[in-house]
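What follows is a single structure, written as structure tokens, with notes after it.
Should a chain be cited, it is by its letter among A, B, C and D, assigned in written order, with residues numbered from 1 in that chain.
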């Protein structure tokens, strides 16, 4: 199995852009993707299961059932703008090979659907965030970097490491000849962060020439929080992230 | 190899139902499956070996030989009721990818044989169990949940995590469009539990309109206990389970 | 790659028997296989590399080069007796899936060459061994067990666990319809043990109706010891074995 | 995915020699390969990504982007000498199976391009190095060993272990019928070592009858150092190496 995609539909899209929205630091990508799906009436067209997801299930009081899962949604626009492919989910893969497989699979699908650009979102972990959060951009190429830097005033070039899917999307895009940029927003990172998510959403909206109502972002944040609480996992996020960083090993 | 199925027969079955019966908390599924096979004269039609099983063998005083193994049995009914596919074994897989492979393989076989429903059984670990053990249900959909809740009086909706194969069966079934429910019964969980197993068997019998003689469940329990003792593993079960729970990591 | 076999020859053999001879407790199988190859003029016909072998190389003062490697030899007999396929090597695989792959691959080759019987040898770890070492047998079936018990006077039925390749050969043989037995000989287990190896060789010789000169077993033992010393590993064997046993996990 | 090679060109080469140049002890191979590419105007013709590389990205102040990556370069010579295939990269694989896959893939490409010889370079870790560093050679065969011993005056036969890709290249070459030798140069091993790299480069130049200007080796060393610093990893190298050695396990 390894990593299997089950399609319910293969949409015809207009020059679509892939938006990565998996859980990560501050759940910036995750809240943003959920909000985009809800505001733009995204339609789910594929479900992805990886054998590198955790083998458990989470059950809620109303009989709800959650398994580790990734999903792909599309948004067709009537204003002539570029369509969206939104990659949403409740988990990343547990292992490094699993992360590569998952990312590779989603980029395969995105390219098959005609995507030439992949946008990845994320949080930049800070001890505290005062005032408007800073934004950092990284990209596959200078043109994309310039474009990413121009979306939110004051955005700076990202320096340092990006872990997980947010970095992998851009790295693997480059090898495939896709243009890609990552936008990281300052966040304390323990809880789903509506402030950082709004900044990320503004950037995506500007990039795509979209109007996105941000008044409901707190709602999307609470929905993400509830999902996490049902998993009993919110308290562990910071620790997990630390362990992950400690586990870093650049093998020589 | 990864996970290979060796068939001795491909049975023609009447609207069959898959019953999962691997070792787990309280060995509820394992004792129940063994009892069903013995009472209903199940016929083995496939053996499954995964490279994620432990690489060892266990030998008994009478020259008996046990390797980690999963087996599939079928029961053809003469009363016109739905047939059974029983998934029995002495182990689950050692790794998360191995669990996914194993589950996926068994569901492949089940679907090939015409199964549209998968039932998974399990124990719900308690410090102590007084009186009749509680029962908890989880399902892929509302219809299945309602059906599962109606099998044993007082069954409640399961809330929380289900680890291992019991949860994976339902999670993967949902992605494949199979109906599936899990029934978990209160148990102290250290030893094969005949009381919890009887409750699980009553539920399965009611679901399938079967008459199952439960007077021999203690015998099936002792057989399971003997198997475990020959493996020298009974004492470690509680610890193992704890380690497994500690190992939980929802990767973000 | 996973596990690749490079053939230099595909021998035509007469009802051959596979003899497993990888390093293990007391190096009983390893010394025995080396001795059989040298006494019976075994010809190497295949080399096996697994990606689950350690990624290192060992170099000796004379420019010699050792990589983790398994090899297959054959012995064609002129006395009309059954031919031999000897599985020799300087390592087992590092991981459980690697062990399964390796064993499965060798059994594939053995079956392709017409083997219907697989014999696995090993040591049975003891604190001390006084007098003639005890011998223990395990088998896929009663006929093979009876045959194995009759090879050395006083051989008893093995009770307990067999770890690693010695157990896997018999376990996987059973699933493939091959007859197989394992012979384990008492040994202190830290160093290549010529006494235990002689007992194993006597049993194999009797089973195959072979005359094997045992006067050179000390030489084969020293050759094995030298190989191990060049790897700088002899001291760690007991510890490794202990760790391996601790790592045992029968997953439920 | 596992390990994928993306070609931009398939060069026609004259009896080419593969030169391994991944990061390792003292970065001897890495600095040497970088220097050869720059001095001989190597052209990149393939990029390699393995799912056993770390899943992160590194970003520099000028908007630069680094992912774990291996690359293949070729050098076509106008002097009638043998052409070069240079294997450069910023990482080895994280796991043993990943190392085997990566090495096997690169040797596949090398053989497809006509390489009959593979040269691997490396550092030999010392507490201190006084005067001219010692050189050690290991090879697939006596002819190659003799040739390797003759390249730098005073080169001795290597005795002991070679970890990682440097050893794997020679080990796997032998199994494929490729000639191969490794040259290891004394180094303290914590930082990219220009002195040891010069010795390695002199040997390669002599072997191939090449003129290589060594005045710029310090530049290549600094470039390697900068790459490492941007990864924030230089300080950890010695520790990592120690951990790797501790992790050695020759499984029996």
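The working rule: a residue touches a chain if its C-beta (ideal position, glycine included) is under 8 Å from a C-beta of that chain, and two chains touch if they have at least 3 such contacts.
Keep in mind that what you see is a predicted model, and the values were worked out from it rather than measured.
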Touch-network distance, chain B to chain D, counted in steps: 2
Shared interface numbering between chain D and chain C [over half = same, under half = different]: different
Euclidean distance of C-alpha centroids - chain A vs chain B, Å: 36
Residues within chain B bordering two or more other chains: none
List of chain C residues in touch with chain D within their complex: 1-2, 6, 22-25, 27, 47, 49-63, 65, 67-69, 91-94, 98, 231-233, 236-237, 240-241
Sites on chain C touched by chain B in the complex: 96-97, 99-101, 104, 138-140, 142, 145, 157-165, 167-168, 170-172, 174-175, 248-252
